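Structures given as structure tokens follow.
Next come two complexes built around chain A: one with chain B, the other with chain C.
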Partner chain A sequence: MMDDNKLKVLNRYHVVFLIQNVIIGTTVLSLPHRLSSMGYSQWWMPLLFGVVANLLLIPMIWLGLKYRNDTLFVIHEKLFGKWAGKTINAILLIYFIVVLSAVSSSFLQLIQVVALVDREITAPLIILLLMTIYIVHGGIKSIARFCIMSFFMTLGLLYFLNWGIADGDIRHTMPIFNFTAKQFFTASKKGLMAIGGFELISFYFPYIINQKKALKHASFGLWLSILFIFFFTFVSVMFFSEWQLKNVLYPVLNLFKEGQLSYLERLDVLGITMWVFLILSTTAAYLWAAKKGIDSIRSSPKKTHLYFVAVFVFILVKFPYMEAFQRILFERVFYLMYALFLWPILLCLIHMIKPKKNEGLE
Partner chain B sequence: MKKLILLFFIVGITLTAGCTETGQRTSVEELSLVSSIGFDLVNDKEMRMTVGIPQPAGESPELTESYSVNTEMVSEGLVKLSSKTDKMIVINQLRTLLFSEEFAKNGKVTEIIEHFYRNPTVGNKVRIVIVKDKVEDVLKADYPENQHMDAYLNELFEPKLHTSFSPFTSIHDYMNTQTDPVYHTMVPYLEKKEGSLEVTKVALFDSEKLVDTISTEQSLLIQALVGLKKLSPIDIKFKDNETDKHLFLEQIESDVNIKGNKNIDFPKLNIDLKIRAVLVEYKGNRDLSKVDEYEKLEKEINKHLEREIKEILEKLQKLELDPAGLSEYFRMQHKGKWTEDLTKKVIASLDYKVKVEMKVLNTGTLR
Partner chain C sequence: MQSKANVLQTAEVIEASDLANIISSVTEGNTILYFHIEDLYLSIKTFSAPTAAIAETDTESSVIGPQNALTESLETNLSLLKRRIQNPNLKIKNFVVGPETNTKVSVLYMENIVNEENLDIVIKKIEKIDHPGFNDISILQQLLDEHPFSPFPQYHETVRPDIAVSGLLDGRIVVAMENSNGIIICPISFFELFISPEDYYNRWTTASLLRSLRFFGFFLTIILTPTYISVLTYHPEMLPFDVLLNLQESRGKVPFSPFMEVLFMELVIEILREAGSRMPTKIGQTIGIVGGIVIGTAAVEASLVSNTLIVIVAVSALLSFLPPNFIMSNTSRFVRYFFIFSAGLFGLYGQMLAFAWLFHHLLSLTSLNTPYMTPLIPRKWTDLFDSVVRMPTKFLKYKPGIARAQTKKRPPVDKEE
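And then the complex of A and B:
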């Protein structure tokens, strides 16, 4: 709260872990399944995604450096004028709310299947949202601090992979390029969403202290999480048959199931419960961005906006009548995410054209 | 500060609401935790399901209760069994799944295991066993040495060194080998002998059906080819050998190195097996205090093991089965989709060279 008056609050560690932790959400748990159209050859796909994301970071940060004190919402209003900008921001806001709902609902459904069989998810949903609000209350710096904490809390999950490695078969990684163009396309389309989350840097960029080095720090954070995702995918390829990759919905959870400690048998339940840290860091960042969205649309920052967003998310997740629509919405919203990946490139182009026009007018 | 108090208040409310839910969950005392389920064949449609339920000490004179029922589907059977016992049956603590040989020969095992694989409450550590005669008899019998039948079964199929010939097939292993076009499934084969149970053989599956069994000695060699690092003790009986008769090896460490020739039309494999072991018993006419005699014995063991490995590989070739995953060496070089037919083709036409290098580490502290 004491940072409220100061705009620049994020140091380099904050940037690294904000990028790293926001990326890992529920999608990682199902990524080997999502990439399964490529069969065993999928194991290097996370690395390719990493390269793509790293390239996409460049225009985002370039744009940020041109508007050092503005979030993407403000940039929209500056580039497109007040009303067009506000319209785009409203669409973005809706997008954020849907992503928030999609992430929370997919995680809670998983909890319901694995840990809390035959219980209502209403109470866990309320608790999750309240926790998220609590984290976001402290502003972007408190989210970043939470990200650092959850990174170290969940790092131990990597240890659970060792049973999968012991029982797996490294020969599955060969041949490396055994797929058709169509299979590659399907896998990319379904899997790319696993790296969603880094694009939020356009929104918290003005809060970064050392903006010139932001690209370096952001790339570091990005590759940290790509490595995390890569391990899970690689071990899944070693451990499962192609049929299992295609048919097991959450391969990573099944990997956890394989482990056993002398005092604990169902590591998958522990794993999925620890995963809440990764979910909270993701939802917190999106909630923060959504709040900034309402602030910019209503042109006044208010804490109550947080609760608005949370209530919308609650309604969207619990709305009883449109389950089929909801499912399609939650799956398709990620295509909008791909558009948002590319959006800054367009903004950069517009920015490059625009100043010349201004000069001409003056 | 006020906000913080409000927050705690809201969280407190939701948490207490969670505890006083109207639909109370059943407590552990009211549940029957099944630890083993057996399946026997009745006819084409029906099967006979037997469950073993361990009882808490002191509650019942029987340490393990067992019930049977005829059913068409697994869940249906569990519901029927629930009405037989006084408590609700749950399978969270399932440890062993047993199938009669007849049942497995009918090719029905996979659909049942898939049912358990799908169920998130079942752990992945559930072991699968084929039983020689009726499973019901195994689960309902008395074992004077092991009163707690369920714990006995569970112990029997925990991976241990002296039983490392067994594949210890878990639900995951079964599904993995069933769905992988390279591997054929192996499952330990259990026989009831008077008052005890014994893993006597290992069952081989051709896709979904049990087709043949191999001895535990042969299965141990397959485990060595798969890449198991520590093997159970080997008992070697020489045939047609005048100087050496019988010896026993312990603490065996094995290291296998297999190379394929990347050609699926004329597949060739070089199998190099390095074994280090302690010689604990020897019957024969060699004077083992002499170094050259020692080396000669090692060579004899090498020859013997090479012959054994060739024998088992020949048997598998005849059956066109690949439980050791040898065709994986060809799949990893193959572009396009690999099918089970390709595995069969590779195994049937496989040409292999086997070389065993055995090193006896010591013979104990006596001369």
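And then the complex of A and C:
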């Protein structure tokens, strides 16, 4: 493509929608259930997550501005030396592969439950991975373009909340602070993963044209998706009882199910199949980052690395006899995500302590 | 020696040593007059190629607006365009392509508006072309494509001089060819292929209505029959009970799966279209009656297909003829089969993945290195005045972002801050 020879390719719209679309994955669908330990008081939690994420963005972008042309992989090698850096990168790569598998497998399970009832997911998984590879082939800019497109494609899903609002009860939102500290921590621990995805900015930061304003654009994208997540959570709180929130695995999908048009029922089928756009934008961004990871570990960029990653993901999702292990792995990997949220802060500190000659400033 | 040429008004002096020029002059149909004593060659235009008269267009007709179509003579076509733009900035560069046919090609542009980078690309591409001969400009168009494997047309081909002129005024480049009715306009965006010139002659309200019909019709025609397949095969629970009952009743005696049923009916329509397109008009009407009434009704009565499907297939066939660009209308037919197969394989999930493919493909296409999806993802906000809604004419003074036209006042559009 025409942009191959240029490093800086992402304009402000690309940044906004990359942040926005990568955040929204399958976790949004189950978020009200994940936060259910707080009961009805959970509805403002997405806003709190937004504040946390926005604060976490600051060290990420500060670090990026110090190393304007380097992805986090390269920064690791610069800060920790070649071998320690590569080891950290290898761990990151494994993390990306596990996240990719977790996202694809949780989405395909939903597809299996809702749309393709009782059918094997092998073929849908292969097609999903191939589609992801196809999107990543065009580079980060084409992923960003895809994000813009999927945003507008899926905007219509908000209409499906119509029935939830109509039948819901706004009084569920009160009282606001009806929970214990323990319930709050359980909810945050389980729910924070819903905003995972913005940390990828450390990897595509060198591709941003206007890096100085990146924080502003990234925050805008972040709050756009927080608004969506907030909206889904809020309507779920209005519509469901506390018992339902605790026991319904995917409350948002059930909200879709409430909708009935005169010619169409079971809008959740339409909703979950359209969700593939949001999943593709998430998996594409993670696959892109994973590919950059292999590139940096092997010190040579190759297109075939994409297929390596995809094969690993396929194996991880379809590995037989390990369902219990998979479930634990896919749930626990998000603790590594929380660590990655905080990681740039540590890197910033190391960068400040390090002697000046190692700086990658242009 | 020149005095002899001055006597003969249409004569041209040729150097004696320039044998190639003499030969090409003869193949063009000229007469060579040779003066022994002075060793002088005069090439005299004693031949004028028969050209068809300027006529109305059959393929891109409109109710209001100019009716003339371009002809097969390059000279006439250029004069039709020059007649509309009386401006010294209208420049023409001439090329000869195809070593066997030696076909003349002209590149037209407005020197004060055109993006020079785009112009360079076009000229370089034409100079690099390696193809033995040309019968029509469509071949040249495909050779200029940046993505030859894509089903989508990446330049606009038209026989209407008014479209060419508005293209030139936008800062686009027009390529014309000898012996070819059409001219190509580059660059072009996906959305612009749904714009008919009549949109600009109608009131803005009518124009916007028809334009959105054409644009959304394209997406409707590729998902109507696939949706029938996926809903009946994979998600019957999506239909309300009454509708489902209705559908199942009409499908009651059909022995095929929805997928086979749709494929059968779509192929029948395809065959009718193909058979009708080469028939003389009078026989064509018969084909229409045979196809429409006999096959339609008989197929239902023979329980080969359901009533509902006949309606859906007919509507989607009609919708596929909406795009003013004929190639785009053909593309919609091809893309529909892709959707039919993915719906047959994975239901709605397959359809959505097919949509993801379609959108990603469109997003990565370029026309003269400019993204094909502008102005859906606008390069300039003023592009939105002339998108699905066509604003009243006084808003239309801005150049579209895709042409990257020269403007002294504005900074280049692709730079930020």
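What we mean here is this: the second predicted complex is superposed on the first by the 355 of 362 C-alpha atoms of A that agree within 3 Å, B and C clash if a C-alpha of one lies under 4 Å from a C-alpha of the other, contacts with A are read in each partner's own complex, and residues count from 1 in each chain.
Assume a residue touches a chain if its C-beta (ideal position, glycine included) is under 8 Å from a C-beta of that chain, and two chains touch if they have at least 3 such contacts.
Since the model is a prediction, treat every value here as computed from it, not as a measurement.
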item: Partner with the higher number of touched chain A residues, chain C or chain B; value: C
item: Which superposed partner A:Asn210 touches (first chain B, second chain C, both, neither); value: second
item: Which of chain B and chain C A:Glu265 touches, first, second, both or neither; value: both
item: First, second, both or neither for A:Ser299, with chain B first and chain C second; value: neither
item: Partner chain in contact with A:Tyr134 - chain B first, chain C second, else both or neither; value: both
item: Partner chain in contact with A:Ala123 - chain B first, chain C second, else both or neither; value: both
item: Contacts of A:Phe146 with chain B and chain C, given as first, second, both or neither; value: second
item: Contacts of A:Leu280 with chain B and chain C, given as first, second, both or neither; value: second
item: Set intersection of chain A contacts, chain C complex versus chain B complex; value: 123, 127, 134, 260, 265-266
item: In the complex with chain A, residue positions of chain B that touch it; value: 7, 10-11, 14-15, 17-18, 21, 120-121, 123-125, 172-173, 175-177, 179-180, 325, 328-329, 331-336
item: List of chain A residues in touch with chain C within their complex; value: 1-2, 11-13, 111, 115-116, 123-124, 127-128, 131, 134-135, 138, 142, 145-146, 148-150, 153, 209-210, 260, 262-266, 269-270, 273-274, 276-277, 280
item: Contacting residues of chain A [partner chain B, same complex]; value: 113-114, 117, 119-120, 123, 126-127, 130, 134, 167, 169, 171-172, 174-175, 178, 240-244, 254, 257-258, 260, 265-266
item: Touching residues (chain side chain C, partner chain A) in the complex; value: 234-235, 237-240, 243, 345-353, 355-357, 359-360, 363-364, 366, 369, 371, 373, 377, 416-417
